[in-house]
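Two complexes come next, and they have one chain in common, chain A, joined by chain B in the first and chain C in the second.
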Partner chain A sequence: MYGGDEVSAIVMDVGTHSVKAGYAGQDTPSAVFSSSVGRGTGQLGGPSKDSDAEMKDADDPHDMKPKSIQNTNIFRKSPQDKDFFVVDSDNIRRDDVEYCSPFNADGVLDDLDAYEAICDHVFRGRLCVQTAEHPILLSEPVLTPEANREKIVELLFEKYKLPAVFLGKNPVLSCFASGKATGLSVDVGGRAATTCAVHEGYALVKSVIQSKALGGDCLTETTLRYMEEKMKNEVKPRYAFKKKLQTGGKNDGEFKIENLSFPKTSKSYNLLKRHQIAEDAKASVMRLSDVRLDLKNSEINQMPTVQYELPDGNTIEVGVERFIVPEIMFNPAIVDELKLKGPPVVDDMQNAMSLPAQVLASIQNADVDARKDLFGNVILTGGGTMFVNCKERLESAIFDHAPQNVKTKVTASQNAVERRFATWIGGSILASLGSFQQMWMSKAEYDEYGVSHIHKKCP
Partner chain B sequence: MSDFKDMLGIPRENPNANASGLGTKKSKKEVKPKGMSREVWQIVRGNQSSHSQGGMQGLHAQGGGEDKANGGGMVDALVPLVPTHAGLKTKRKVSARKVSWSWQPFRNSARTDGLMLKHWVKKNIGAAAATGGKDGAAGTGGKLLPGTGLEATGYGVDIGGDYAFAKYNKKVEVPEFTEREYERWIANLDSKETKAEKPSENDTNENDENQENKESLMNDDRLAFKPWSKEETEYLFEMLRRFDLRFIVAKDRWSSTASPCERSIEDMKTRYYEVCRALVRARASNKEEAEANLICKTPFDPQHELMRKEALETLLARTNVAHKEEADILAQVKKIESDRRAETHALLQRQQAVFAPNRFAAHEKRAKIEEIRKDFESDMPHHGVPCTTTQTSRDDVQPGVYPRSQRAVEVAAEIAGRDAPNSGLGPRYAKRLDQSVEELGCPEPRNGTKAAVAGWLRLRKQCGVYLTLRKQIASAHEKLVQAGKAVAIQLPPATASGPALGANVPQTPTTADRGGFSNMDGFPAAGASMKQQTIADRKPPGQKTGGLNIGFRDTEEKGGKAEKEKAKPKKAEKRKAETTGAGTRKKLRKK
Partner chain C sequence: MSWQEMIENLQTVALPDGTQLGMLSACAICDLQGNLWGQSEGFPGIATDEAQKLMELFADPFSHCANGIYIGGTKYVYLNGSDEDGGVVRGKRGTEYGLVVKKCKTCFVIGIHGNNLETRQCSAHVEGFGEYLVGQGM
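And now, the complex of A and B:
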């Protein structure tokens, strides 16, 4: 029997890198955009509303912003202002608009206003739904503090009047996406790589290991630094220059680059744009070597270089570094070979755990009775695993340290979209199951038991 | 019929059409008969204009395929290229079985809060639409909503009208206890627990060792008893209820705020089953009923569980890499052992060879025939030997004078037969001896000079010694193999390889030592002939093989001793190469 039952639920996965949202039952999210949200300052852009500050209590639990910022009162207090800009279709450079993710450096939600802006954008801007008619399944990082869950649930019920809410943990959902209830989820996301054991549909929170050094953002930043050191100049984002096709003369058909100066552009926007370039370079040039990278091996050093063209027409010749950057996932100490100046991208990056070590440690953290199943069901997901050979490398590395006579298998969808959006897809599957419909935390329950009921409903 | 006229450009003559008012006809022509498809109508219409209305009516009545009914003029135009009745048949009436879906709210009986969500429900528009309202009204409670319980087979709706998936809501039954029950039956469990453990251990027939083991485990701090409070017990039961008795998850989510001390899975299981057992016993009407319950029949044994987990952990700690390393080491050990065995064997063989010093000496320097003769003659007994053949009692004594030397060989054979150490062994042994001597390329001496006969006799004697020794070695080795202390190794052929080996001993004893010890094949290095043997020696030892003898014979055929001497340096060179190879191998092994 096909166990699906459509209730037009919304599934939303707010990741540290991008937001994925869509309807349950679909196979890909219909809205995918960066989770960086821009916010205007009080002085510029949009009418200034000083009354907002009074409307909010001083000890508002929503207010997670650092005190220094609060005192200067630069930021808008409420996302109702039009001063929040979600980097989606709206991708315009604005003066004095700071772009930041709702998550802090550790991947923990700390900016609920930005989160609210994202929800607004999803419900009103992209999906265009009457929120009171659609239950929502939200994915959450496995180590979300209880306070954060409560805030999110409160926001959803109070502001959007959703009929029902469910919070699914990322590892559980990515396991469901590959049709498993037990497995070890390896999710290489933007801010961190997370490994977590899932036992019969429940994430084992004590098995979780997170590593920032292996996250996609860290590799992107490393790539960016490498590119800029190689060029001895900053990568120029597209907004910072004008490209003009020349006609006639000896430079016919060539582009003339004219630098533009926007001194009021915030640093965070500049960084966001440069990261986007580095991300592209990472995806198009960087390759994961199919065996453990050995730089003493002369063959590797003789690999032909690859050209990467930047938006302003400059090209970078990438040599052996194209193998080194992805290799960080399997051997973080190799980052030294890039000889980057300045402080490390992530503290103590060289000594970080490699991905296979992290997987093994996570398995070791789980109960001994659960371990055998975990070895056979390692599930590789997340945008950071898009390198070719990633699955094979991980599998062979784990196999060496796996117990004898225990099956070792790494499951990863061959489809890039499925692998990247596995968490969302798992949520989509879960929310469209008939037998799941009893799991929602409804508005009635919220009214009756209060927000802390969510911990019981969604353990 | 008018086609050719059209083609030739001849205007049509149709007085009929012109005569009877065009207007009225046209209005009738333009009407497409019902049931005829548009395409067919467009083809037919042209012809229609030139023909009678009857044809069209016939067409209408009987369908396009039935062109016989039409006038003769219609035949050509109406022959269908494709079967056309499909298009002209009256359409199926699907409306009767039409299924439509409606977006209906539903409630799920598995929920307690009456959450109303909407989903698509299959509904029968025809008959069910009328009864829909009635059904909905008859629905009990909140379970049945208008439009959901229309069809028993409807999608998402079950027979009772309940939500189809509500029946999958299965929960594990975790017993609940009241405060009174806790006070009476559970609160004092803690004190009883240790006492209760003992008899259950004793009633099984365990040996003392096991018992001791268990007691030592009991002292283990992992099993140190930490008393459970009522709150903690309730928290445990709540967790187990929430996670459907998944102890692993309950342990993982165990909150340190709710419970004062860290509880292991075994602790939780022990407590849970203890409490359940107490409750079952307390609630049962009689003792038999209580004891029949599975929870009482099979008490949980935390010690066993801990031991099992420990064993499992050790098992899982054996990784593939470790296993591979172990296998490699074992393979190396095996190799070293076999090497060592081969070395001992080689040593044994070398010793045999070394213990024939005169042979060794004989080949050390270029032999001069005089010296050999002297050597052999010195062997000979100077005084006469009583010899039967010389006595005249023999029958075959020919009359007349004959040189003494004529009988020398016979005499020698006789002496040889008597001198052979195992002369009592009979003709079979003598034959083997003869054979081995012959294989050395020394047939019975043709001319019985003193030296030749003496040498031949000595050779025979040594062959005899060699054969006996070989036999002893073989039997000793067999015994070892039977005792499992050695692996069956092929001995060199049973025949006269002994002396041959002696002949092959290298000139410098030091290199010989090395070569002999490190030769992997387990035989003393013997150059090319040795190689042949290793290939050919897969036959039982008693059997004659090419082996050594072939090599030896080759040199013999080329021309006696001198040739043999010449061939030797070459062999020695070869052997040197081998020994150096072996030496490097040895070094490697040491590493």
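And now, the complex of A and C:
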């Protein structure tokens, strides 16, 4: 149907933390940006020229008039609606804009307006394509309800006039990225850690287990709260201060911090920016210990502290806590040791399943004959697994609990890019296979059978 | 239309626009207790207790999925599907063989495919066929 050589398919992976998009056949996505979308709440102005351009585009989505790059971050459905701002490399702080994720609390994509804004930004802002010419492969979480899938497919066919669409399940695509058709995919993403068994290229839907307490966002929030309690003050986001170089006098050459006040900035934007700082702290300071963390062991308590400098110049000294935060993935009850005040980041976090327990439970829910292959092919993906020692810890934990003669092996790419973008890379591989080209759901099938045909084509 | 003609229609897998994709390696239509109404040449047969287990699987996949699906003594790994997911259950055996069972009002439509087809393609075809039967009142 669609020759894999002639027209490149687009592969798009909308995750809970970031959106990855690019062309099939390439080894990394060309567009990666945060999946938080801002929604204007007040009366946003802007010159009438820009709003005219937006209106015309709303009528004719695939008309490629040249637009200045600044406009593509702004999306407006119709003149009466509010603007949407996609958080890309623009670090522009705007008044009265609430930031939200297109995913709801359970990790299900149900905010279609925000999703539309993201699609617009990907197609017209970053990739600059005529959507009528490229089939698109989307990745989706395993437990997406049927109604949501239908809404997304309808949006793509009706608004963007795509020639063909395919919805691939996340665990299947991450297995393909490691070159395997069978395996247990362990994906630690932003919102949650998801384990799912994949057999011969099909996800075993009843083996999916999702845990919000082990997701990257939860650990970031824990890090943020820990830092703020230690400093007894809120972490200052970058827009809230400016550094002024002083000349002359005794402070010559040093920077002075001046606070800026923007009272109309929404709380969600403030939280988003503070999270970005905490993410950086988590990545540079926190690490997993080599063996199971035992706080009574005096060796751990004598480890030297590490300093982390925040953007506004304050420094934090982190001691044994740098091992506690990542240990939450293997022993969720340890979060109590941080003695954080206030409600827990995720409800009932202390009693959540640890990552190895989740892996074992997923395998138990799969077919008895398939289990041996699953133990030997545990595939670790997702940005949340980038802690040093993650693969070794998981391997030894599973080995302890696996049945006797079964070989256990955890596969994890050493390359940071490959691990973070494994789902996207799997989609890129799949969409460029010759044998895949018959699997697309085409526009003709959509017109003939309606949107519910997608469930037959992409079970 | 006789049952044999129906089986022949079922066995040829084609896209809705008419493009021929291939043949199922075996297929059958049987009632919910396992009594066959029509079958193709290579069909391994279905026992009464296998049909019984199929009914249980459709109703409650979580409890029975680990045991797999048995048709004619051969075991298929259960992939997905249940009563709620459109009344279809899909399974795979090894890399080559796949199984799709569509539950209509009074019968099962069973399709087994080999290396020439993907389980997805087989599934779309068998489901469409089953929906036609449901429309006819079966």
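What we mean here is this: the second predicted complex is superposed on the first by the 412 of 459 C-alpha atoms of A that agree within 3 Å, B and C clash if a C-alpha of one lies under 4 Å from a C-alpha of the other, contacts with A are read in each partner's own complex, and residues count from 1 in each chain.
Heads up, the rule we're going with is that contacts are C-beta pairs under 8 Å (C-beta built on N, C-alpha and C of every residue); 3 or more make two chains touch, one makes a residue touch a chain.
Since the model is a prediction, treat every value here as computed from it, not as a measurement.
Superposition of the two structures on chain A shows chain C clashing with chain B.
Applying the stated contact rule after C-alpha superposition, one finds that A:V7 touches chain B and leaves chain C untouched. In the superposed model, A:E200 lies in contact with both chain B and chain C.
By the touch criterion stated above, A:W440 is placed in contact with chain B alone, chain C being left untouched. When the shared chain is aligned, chain B comes close enough to touch A:K372, but chain C does not. Of the two partner chains, neither chain B nor chain C is touched by A:E258.
When the two structures are aligned on the shared chain, A:E299 is found in touch with neither chain B nor chain C. In the superposition on chain A, the residues of chain A touched by chain B in one structure and by chain C in the other are 199-200, 202, 204-207, 366-370, 438, 444-445, 448, 456, 459. Listing the residues of chain B that touch chain A in their complex gives 108, 110-111, 113-120, 156, 163-166, 168-169, 242-243, 246, 248-249, 251-253, 265, 309, 312-313, 315-323.
Within the complex formed with chain A, the chain C residues making contact are 16-17, 21, 61-62, 65-68, 75, 77-81, 85-86, 88, 90, 92, 94-95, 118-121, 123-124, 127-128. Within the complex formed with chain B, the chain A residues making contact are 3, 5-8, 133, 135, 163-164, 199-200, 202, 204-207, 366-372, 399-404, 406, 433-435, 437-438, 440, 442-445, 448, 456, 459. Contacts from chain A toward chain C in the complex involve residues 181, 199-200, 202-207, 364-370, 438-439, 444-445, 448-449, 453, 455-459.
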